[in-house]
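Both complexes below contain chain A, partnered by chain B and then by chain C.
So, the complex of A and B:
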């Protein structure tokens, strides 16, 4: 069989399959396939649009991922089989974008010095250094400026105080020419044959080239260079730094001192002085090493880690105990208005937690708060100022916010426990406590234990509560890091990364990785432990 | 016939959510920079806060008419402007110009996302304090447009005249049977900013100032004897129950509205709320508690120029020849309510009694420091004041520790 025939056969077979597919679906219903075509068409159109945008920005990696991703999604949904993949695909896309990407990006940042002073690429740093190294010569006049295009290059034509014309470009210093300059910037001169004087809108067309033009005022470099920032006037500047590309050093033009790229993401001189801004570089495990060895970091870190664990464990225990107690009470048939009570008990859970935390912060105010004024008859208890009291306050407020959830899950779990088990135990003469201890509670734990673990993980990162209630305070004087008694790891990470002017995203990411490991480890161990509970059934 | 079996519906929902994800995934890649130097007309992008976006759009349209340069004003939350400048400018996606307060200058310059602006001769047309405020390491980094500082606001029903001295203020309050001689917010986190005029009246400043108006971050002066005198005063006022960390900004304002004190030290941002509450208020300079002039921090808002702008000429023209003019500065005053930084525009609006009062208080003011070292200072400073007010130790000792701490952080 020739190759062509082969292809033709294949095509025929494909056509048949599509026809039969469409036919089958028409038989069943046309709507789902139309919806499918429309939705996938929209996806493809959007990703095509995105692909072009990425193409223009030369973002090859993202472009590749987008195309592969779109291709895979299309393949999954156009296949007639592989139903499982059709259900799993959205979840997996979600997982990839929102979880794996976030985790791997944090992990990547944790190994860099990304933060204040190490914010962008080396190119950005060099541009900014050169911009800020330009110093205007104080005695320099502000020259009226015309920009001319002479051949492929730009020239500056300026008028000095005696209305004499001067011309120069990047290589040629300013020199006199004959001619006159009109108020609108046009030039009449016989000496500028192959030059075209630009009007303002032409200047705007190539702004980057014109602002980077530096025309030596004279052959003496100490006279500086003419530069413009508005395209209409020019002044003489002296650069305090010069970048030498071949040796990759910044050179102080006055002292000739060299600042080298020493691999730490900045130009540093022999005395160890670094120029700001620097740039982002990979620093290996340095952030992690700092975390465990630098005293100013290590002490607050360990203190905060301990408190975070205390806080999460106590939060889970207190909310669980109260929730369980209320669930058992309200599960008793002899109780009247059970539904009403249940609805009321869920209210703290229904109210946004960050708002509740703010309200609580107001109620706990030492002088004017409701708690001290009304409940304690005007006693000024420093709920949020004394370290231990603040910790207690945080736990109590979290108990208020968290017990309805535990109440709900315990309620559900209790109702699912078969009544005959309890009845059988009662017939056997077991006391109420024993029934609870040996029958109800273990069975309850089977379904509730995983939720307790997730509640632990949630409280471990309960940023809202801490931030809104105490903002981590009170801070004891003597701690240089502004870390307070109620700061948990995640609020500490926030302070390191986003508060103040010395932001350290690298260190904050290293902290996040540690949090991830702790939560992961605790969850893994607990899940393993709960497996043994399941064997009860 | 079962049109939508559960299975089918599930499959459709699954497909739809996948598409939604696909959309969200690629939408992040679509925010391309439209300001290309190749386009026929240059377009500059300006990030502004909600208060000024509309006013800027107005003035921008007449700028476009006269120069042909398009101006795209994008409204952003002021808090996210700083964060987004830091992350997006190095990626080449930031704006050409962004609005911001002067205390960002050090951080933005250290991150290499802004560049100095050549104001040329126009520099002398602005209030000196507003230029000093954007002076970082000898260069001016923004075109200023507004000035703000705290002053003494009084309830004219309880205190008809501006106090001539601190004692006069306290006496007037006593005669009016007020619960507090004056209200000064602190809160659990401390508020060294609002407290600063009182501190400076003891002769205590944070850093020494260079002759050109910029701060000398290497010369920390906060821990000297004058500083300790202020710390002792702070502790005494707290003992008398006048100062308390329980008095947050909200509580201070509501107590003032309730007439519990004839005086409050606060900024122009609270005037609209006080007017709304139906209070007759007047503004004047803050009397000196310690004998020397009370110098509040003067915060200045301005327009920063991105270090990565591809439209420097267009952007510089917009700023120096347009935003720096009287007409535009006045328009921005009307929109934001803060006194303009351009002297001629300032004089015009200074006829307003409130503006005049704040100006009087700000006459002795010093620019809000813009050096990055300041963030270390704020934290320790606020914490120390909170500790002193809460009587958690000897005030001079706490003040001394704070100074040592700040010095240690700065030396790092």
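So, the complex of A and C:
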């Protein structure tokens, strides 16, 4: 009896333990799964939303990529093995989209004429050309017009000579609908569910938007458009250009001049005059050829390329030498106030870099800056406005910005060099200089070399400093390009692509590709020379 | 008398010799100190002046009530908070928005890129899989090419992306963060990888024997151990995000969405010398948090910077 009881009790206890263990396990495992489901669910919802948007816009390639990408991510996280992929996926996805894709897209743009005047497709360009040269048709009747607001856009509803209703807007050409129009302008139609016909006072309110509407008469742009000046009647406007589809020419109906598509993404006449806007086409190596042959580009390009290399080499050298010298100076345990000095010395590193460049620009100002006013007693030295001085100023300011990093790195490297090596050399009677030259420096270089290479690559693209300090200036007079003596390649890219009225994305990307090649080449050579990648495992 | 004279002169002379010996010894002592310690202080002080002066200057300019470039040249000639008041009351230049945008974008970018980097570094350091070496090498190669290089493509990409996801288009702060995160893997992983390697594998092996899964090992054991490097990389990533101009200026268009770098550059380059005082106060406010955190964490930063390179 008691034995049985005992066994029963034991069983009960065991059951309890098992239940509680299962419960614990569930508790421990449920959180990751919930997090996983929530995160993946959010991602899938986002993809689904994007897929619908892409479906509506008929962008099949992107849609395909989106679906495959989402599928792969789900597959990575739902299968039980393949642990590494789970840890790497978030970084790699972002890297693929915003870095690797962006790089290959740059490469693609470098072979197009993308930019101001070459933004869209040929159809868009043809429509834009015709829209920009509209004149009122002389014999045009006045069509009775009602203006309707459909969603956020305005539509024209007109009656043709057979009293049939037609509707259209800026992008959609006129097309027939069923319904009738009353004398007061109101419309009865079953096909205009989400449109609201405007009354006179509503038309007055949005006058400017309504007057600027031009509704194509048909899908053929040669048929012209309807416009209104009063919101009550519409008149036909026709372009002074006529597009001949069969010969692919644009004909000026006034002068009878013919503009042909000559393959450069614009209609050009025999005299070489191109109509604006043009459209986007692939131009092959044209952008690169321009860099090396067009005189206006070639000289600034070579000058900038040379200065970029000079600048990055000098930047690394000056910051490294000062940083190393300081590290040696402060690398003495007996020295007092070392921590205080170090705190002050790394201030430039902590100070946000864009602010530093602007602060220096103020201090170096020719008329009012501190350097000229106080240090040079009012002499107006053009620090930022004379080519050579500006280059020196850029190097000095970069020294200020960059030496703390080198100082910290060299300090760390020096302290990691074993003491007994130096002691042994001292016992052997080596001088301080010899110890430095043959022991400390080579050992230091081994660990610092990779950092020097990446510092070179970083300075090669030190956009902030150049753009904030001198904006690339001073610009040489007589040059049509906005490119100055301190411009480096990357600031030139930015200027060509985003500054001024003429944006040339194609040329700017061609420059980017050249930077890629130079940086890649220099890094490859120096990594090879320092063998710093070989021990990687 | 002559004797006396001679005597006194001789005593005088011996006295002279003694004092000159003394000064010589003193001089020697100073010379020795100079050779061993003094020159270090001289160099350090000189470079400290070079390093610290521009910061002192901008601080003094921010307190100057006349607020022009030329009036800022006499340091601390007046102390007032006029510039700071003016800074927050500019109609065209919403400094407060810039500040909040910068801090939020910077913090999110820093936190997320540290996390992404740590995940990747864990995989490279602890797991063995095909393509591991190639992966590490490509990361080192990729970090040679900063994002600013493909700035044109990024701009056009976001224009297109905005047609699908309106909140990821041009003029979106989320889009900017996403772009920054695209660079996170390349920049941070290798540095972290070096640090992850210094943590003995036996620690996570022990945890796994005790029944901890990979996720638990990563979050509760490895991450706390590497927290110093996480702090350093987070801070460095925050600083570089705060300073980033080129990408931010092409993505963010409307003033109330811009960051400090974009807004303040537009503001100060507009009318350089008149806006100087207000600009200085903006610069001081922008720099203070970063500099303070930096100085607090400097011990970790020093070790963090060197761990990637020095073994």
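Heads up, the rule we're going with is that the second predicted complex is superposed on the first by the 401 of 537 C-alpha atoms of A that agree within 3 Å, B and C clash if a C-alpha of one lies under 4 Å from a C-alpha of the other, contacts with A are read in each partner's own complex, and residues count from 1 in each chain.
As a convention for this text, contacts are C-beta pairs under 8 Å (C-beta built on N, C-alpha and C of every residue); 3 or more make two chains touch, one makes a residue touch a chain.
Just so you know, these numbers come straight off a predicted model, no measurement behind them.
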Open item on the list: Quick check for you: in the superposed arrangement, does A:228 touch first (chain B), second (chain C), both or neither?
Closed with: first
Open item on the list: Quick one: is A:102 in contact with chain B, with chain C, with both, or with neither? Answer first, second, both or neither.
Closed with: second
Task: Touching partner for A:344 - first (chain B), second (chain C), both, neither - done: second
- [ ] Determine, under the contact definition given at the top, whether A:368 touches first (chain B), second (chain C), both, or neither.
- [x] both
Task: Which of chain B and chain C A:360 touches, first, second, both or neither - done: second
TODO: Identify the partner contact of A:94: answer first if only chain B is touched, second if only chain C is, both if each is, neither if none is.
DONE: both
TODO: Give one of first, second, both or neither to describe whether A:186 is in contact with chain B, with chain C, with both, or with none.
DONE: neither
Open item on the list: Between chain B and chain C, whom does A:32 touch in the aligned arrangement: first, second, both, or neither?
Closed with: both
TODO: For A:53, select first, second, both or neither according to whether it touches chain B, chain C, the two together, or no partner.
DONE: both
Task: Doubly contacted chain A residues - partners chain C and chain B - done: 32, 46, 49-50, 53-54, 57, 62, 83, 87, 90, 94, 97, 365, 367-369, 471, 498
Task: chain C contact footprint on chain A (complex, rising order) - done: 32, 46, 49-50, 53-54, 57, 62, 83-85, 87-88, 90-92, 94-95, 97-103, 105-106, 109, 114, 322, 325-326, 329-330, 332, 334-337, 341-356, 358-363, 365, 367-370, 373-374, 400, 403-405, 408-409, 411-413, 416, 447-448, 450-451, 454, 457-458, 461, 463-464, 467-468, 471, 490, 493-494, 497-498, 505, 508-509, 512, 515-516, 519-520, 523, 533, 536-537
Open item on the list: For a test of understanding, state which residues of chain C touch chain A in their complex under the given definition.
Closed with: 36-37, 39-41, 43-45, 47-48, 50-52, 54-55, 57-58, 61, 68-70, 72-73, 116-117, 119-120, 122-123, 127, 129, 132-133, 135-137, 140-157, 163-165, 178-179, 181-186, 189, 214-215, 218, 239, 242-246, 249-250, 260-261, 264-265, 268-269, 272-273, 276, 279, 283, 286-287, 290-291, 294-295, 298, 301-303, 305-306, 308-311
TODO: Going by the contact rule at the top, pick out the chain A residues touching chain B in the complex.
DONE: 28-29, 31-32, 35-36, 39-40, 42-43, 46-47, 49-51, 53-54, 56-57, 59, 62, 66, 69-70, 73, 77, 83, 86-87, 89-90, 93-94, 97, 116-117, 119-121, 124-125, 127-129, 131-132, 134-136, 142, 200-201, 203-208, 210-211, 228-233, 235, 276-277, 365-369, 382, 384-385, 470-471, 473-478, 480, 482, 498-502
Task: Complex contacts: residues of chain B adjacent to chain A - done: 1, 3-4, 8, 10-12, 14-19, 21-27, 29-30, 32, 37-38, 41-42, 67-69, 83, 86, 89-91, 106-107, 109-113, 115-118, 120-121, 137-139, 188-189, 244-248, 251, 307-308, 310-314, 316-317, 320-321, 372-376, 378-380, 383-384, 386-387, 390, 392-393, 398, 401-402, 405, 408-409
